[in-house]
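Here come two complexes built around chain A, the first alongside chain B, the second alongside chain C.
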Partner chain A sequence: MLEIESLTVAAGNFRLRDVNLAVGRGECHAVLGPSGSGKSTLLNAVLGVLPSESGRIRLAGADLKRVPIERRGLGYLPQQLGLFPHLTVRDNLTYSARARGVPAAEFQPLVDKLVAATGIGALLDRRPATLSGGERQRVGLVRALASQPRLVLLDEPFTALNESLRRELWWLLRELQRERQLTVLLITHDLAEAYFLSDRVTVLLDGRVVQQGEKAEVYGRPAAPEVARFLGVETLQPGRVVSVRDGLATVEVGTARLTALASPGTVGEVLVSIRGDEVILQRDGGAVSSVRNALPARVVSVRPGSPLLCVELDAGFPLFAFITRPACEELDLRPGVTVNALIKAPAVHLIPRSG
Partner chain B sequence: MIAKRHNPLPGFGLTMGCTILYLSVIVLIPIGGLFLRTLEMSWADFWRLATADRALAAYKLTFGASLIGASINAVFGTIVAWVLVRYEFPGKRFFDALVDFPFALPTAVAGLTLSNLFAANGWLGQFLVPMGIKGSFTPLGVVIALTFIGLPFVVRTLQPVLESFEREVEEAAATLGAGRLRTFFSIVAPTLLPAIITGFALAFARAIGEYGSVIFIAGNKPYESEIAPLLIVIRLEEYDYTAAMALAVVLLVVSFLLLITINLLERWASRYQT
Partner chain C sequence: MTLRRSTIAAALAVLLLYGGLILSLAWFLDGAAVRAAVQSERTLFAVRLSLVAATLAATLALLLAVPAAYALSRYRFRGRELVDTVLEFPIIVSPAALGAMLLIFFNNPLGEWIQDNVLRFVFSFAGIVLAQFVTVLGVAVRLLKTSFDEVPAELETVARTLGATPRHAFFTVTLPLARRGLIAAFILAWAKALGEFGATIMVAGTMAMRTETLPVAIFLRLASADIEGTVALILVLVSIGLAALYATRRLLGKAVHA
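Right, the complex of A and B next:
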């Protein structure tokens, strides 16, 4: 549906370089990156407020270069929502019908459906200033979807809301997206948001695409150290591949040895990335299992968190594990206690260390 | 009953006392005095003095020229504010500072400069006068002077509003199918309107009271280019205090009514910003 080909965009001193990205019909694609990575520049280029230096953007097969914003068929939910303050919610929602000269009768059924789905029926006669944050988000979302856009652009949606409201709106958005087969480009710096809402992820760092793929792939197997760092992989340690046999690599990390899946390019010096939720902690030996890595480890500290606690371990190298509070209590984890840290081989991800 | 909150700063009694005293000394007592003085004359006298032909012509000029000047500033001030807020260009700070010039310039200097500029042998006048546009010593001169001194008001009231106006609102309108004109008239203009009206009101009020710059350029011909404040001065110089008072009261009442009207308009225009 949306195809971006080797797009380069300059915005002041910043430059977004050579971006390739494709979003299929009915797919939600998250563009993930810290602030200053070029997310907004990319959004503005698709939106049509920033001209591209080279490359092209196609929507439903048509080159967008000469298409003005109002005819691109976009549904846009800006970060600050951009609700029209002087219009009632109802007039906000039907603005695109008036702007496009579509008869209200043709437009109304969809608006009614979306209003019902988002539960904003009671707010129609109010003005945006009198609504709560969550209500405004819903209005903004319905307004963007009501124009039957070919592509929905979401710019850091819901960032201003509290955690529980955000989750509620994520669910709502995901349902709407699946049900209506919306094609969505989601711009966000929030890993959880991207993971929850999207199918595929593009990670942008310093104006370049550093990784792109299925979300599980990107989260589980960061392609470069800086991606792993941005994704907040808890354990990220330098290591050395000492041998490769039958598709399994043996890696030396600190004083420990780990077994990982070998992949081309990961020889010699590597970075070992292990997500905190892939580490299982066990007390008192335990039976033989399929787990390849069982490391004796000493608890260094237990950091509170919700719903998961983060346990820092010394397993010959600093290792971090996420466990639930009941598990922590059952294992009686305190600094100094010795446990077994179990990590399946596929959960030990090796990143080539370039340069 | 909710217990009264304790405020660490000096409380209601002291500040309210100061407010009343200050406003009384500065505003209420002088205006009250003016009304009391006019009470000394009979209603018939007041009416005769206040509605003399010369006075009527002066009111017409003062209020008419102020209205035109403020309207011109409402339109062009909006454009100036828009350009200063929205675009980056060389000399932007200089142009921004220039807006305050009419504030800073002594009004007599402004009047002198303008009347020289538009006089038949002035820089602009030498071209304009042969074309039939006489800026100096005509009612047009009054409009020019009042436009000049009212310039900063619309620009300065509008700038902060424009700065806080989110571009996202315009972008959202565009993605919803609105072209530039529609975006401007259906979205931007209604949002800016309250600030424009406020700026207009300030410029208008300032123009009604303006004296210094106008008397140099107006020519001050009775019935033609004589503004009401000048007529008050003339009456005073003739030691005709009652006539001066009558004129002053009329100016006061009309200004007051206008301010109320504009206030109501402003409230109407900003009714959604609650």
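Right, the complex of A and C next:
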């Protein structure tokens, strides 16, 4: 549906370089990156607010270069929502139909359906200023979808909300997206949001695409150290591949040895990346299992968190594990206690070290 | 003296200055002279002329100021800085100098051609409107630009994604949201035009029953040592001006302190 090819866009002193990205029909694609990575520049280029220096943006096969914003077929929900403060909710929702001169009979059934699906029926005669944060989000979402866009652009739309409201709206958006087969480009710096809502992910850093793919692939197997750091991989340690046999690599990390899946290019010096939720802790030995890495480790600290606690271990190298509070109590984890840290070989991801 | 006390004292000093000036008129206030002046045909003509000319000048100024202010607020274009700087020109240059410049312009070949083929400005009603228009335009643009700056450009982008053309987005989103600034700009431009003297006298002169606006009438009365008549006309001008400012406050609420 959306194809971006070799796109370069300048915004002041910043330049977004050589971006390639494709979003299929009915797919939600998240563009992830920290502030200043170029997410907004990319969004503005797709919107048509910023001209591109080179490259191409196509939507449903049509080149958008000379297409004005109003004819691009976009639904847009910005971070500040962009609700028109001088109009009622009803007038906000029907703005698109009036702007396009669409008769009420044509747009009203869809608006009614979306209003019912999002539960904003009681708000129609109110002004945006009188709505709560969550209500405003729903109105913004319905307005963006009511124009039946070919592509929905969401620019960090849930950032200002508290955690429970955000999750509630994630569910709502995911339901709407799947039910209506919406094609969505989600701009966010929130890893959890991107993981929850998207099918595929593009990671932008310093104006360049550094990784792109299925979300599980990107989260589990970051392609570069900076991606792993941005994705917040808990354990990221330098290591050295000492042997590769039958597709398995043996890696020295600190004083420990780990078994990982070998991949082309991961030889010699590497960075070992292990997500905290891939580490299992066990006390008092245990039966034989398929797990390739069972490391004796000493608990250094247990950091509180919700819903998971973060356990810092010394396993010959600093290792972090996420566990639930009941598990922590059952294992009686406290500093100084010795445990076995179990990590499956596929959960040990090796990143080639550059430089 | 605390900061609170000293600043409040300064605020009250402003009131004392202007209020004192108005109250000091009472010394020469003569009921009969006021009645005579207010009821005279010449005064009524001056009031009518001032109201019509100021309304026309403020309307014309806004017709140009709205698009100009929008461009200054939204677009980056060559000469933008220059336009932005020149807005203060009527404030820096005295109204008399501005009027003199207009008069000089109408004495050059292009000005003469305009006078002969388009409209006669010098010593005419059109000259009054032009002098007031030139005096208030810069202020109107500055006020409106501030109003447009306060409307997030993103709302227009959203409107356009919803199918609005740039023009439709301007008229249905930007302009309604800038309406307070629009009303304030009109009323202030109108009030400033109403009290305009220097430029008017240069371009249109002081012809009784022809180009005699209220400020010109005040000047002429004072020049002929008719203090009571002067006071009466000042009271008329002050009443109209204060009524306009009061209307601004009522229309805009306390948020805009005109």
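To be clear about the criterion, the second predicted complex is superposed on the first by the 355 of 355 C-alpha atoms of A that agree within 3 Å, B and C clash if a C-alpha of one lies under 4 Å from a C-alpha of the other, contacts with A are read in each partner's own complex, and residues count from 1 in each chain.
Keep in mind that, in the parts below, a residue touches a chain if its C-beta (ideal position, glycine included) is under 8 Å from a C-beta of that chain, and two chains touch if they have at least 3 such contacts.
Keep in mind the model is a prediction, meaning the values are calculated, not measured.
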After the match on chain A, would you call chain B and chain C a fit or a clash?
clash
By residue count, is chain A touched more by chain B or by chain C?
B
Once the shared chain is lined up, is A:99 touching chain B (first), chain C (second), both, or neither of them?
both
State whether A:147 touches chain B only (first), chain C only (second), both chains, or neither.
both
Mind working out whether A:166 is in touch with chain B, chain C, both or neither, as first, second, both or neither?
neither
Mind working out whether A:127 is in touch with chain B, chain C, both or neither, as first, second, both or neither?
first
Partner chain(s) touched by A:72 [first = chain B, second = chain C, both, neither]
both
Residue overlap on chain A between the chain B contact set and the chain C contact set?
47, 49, 68-70, 72, 74-76, 78, 80, 82, 84-86, 95-96, 99-100, 143-144, 147, 149, 153
Chain A - residues contacting chain B, complex
47-49, 68-72, 74-76, 78-87, 95-96, 99-100, 127, 129-130, 143-144, 147, 149, 153
Considering the complex alone, what residue numbers of chain C touch chain A?
152, 154-155, 157-165, 168, 172-173, 176-177
What does chain A use to touch chain C in their complex?
47, 49, 68-70, 72, 74-76, 78, 80, 82, 84-86, 95-96, 99-100, 143-144, 147, 149, 153
Note which residues of chain B are touching chain A in the complex, please.
166, 168-179, 182, 186-187, 190-191, 272-274
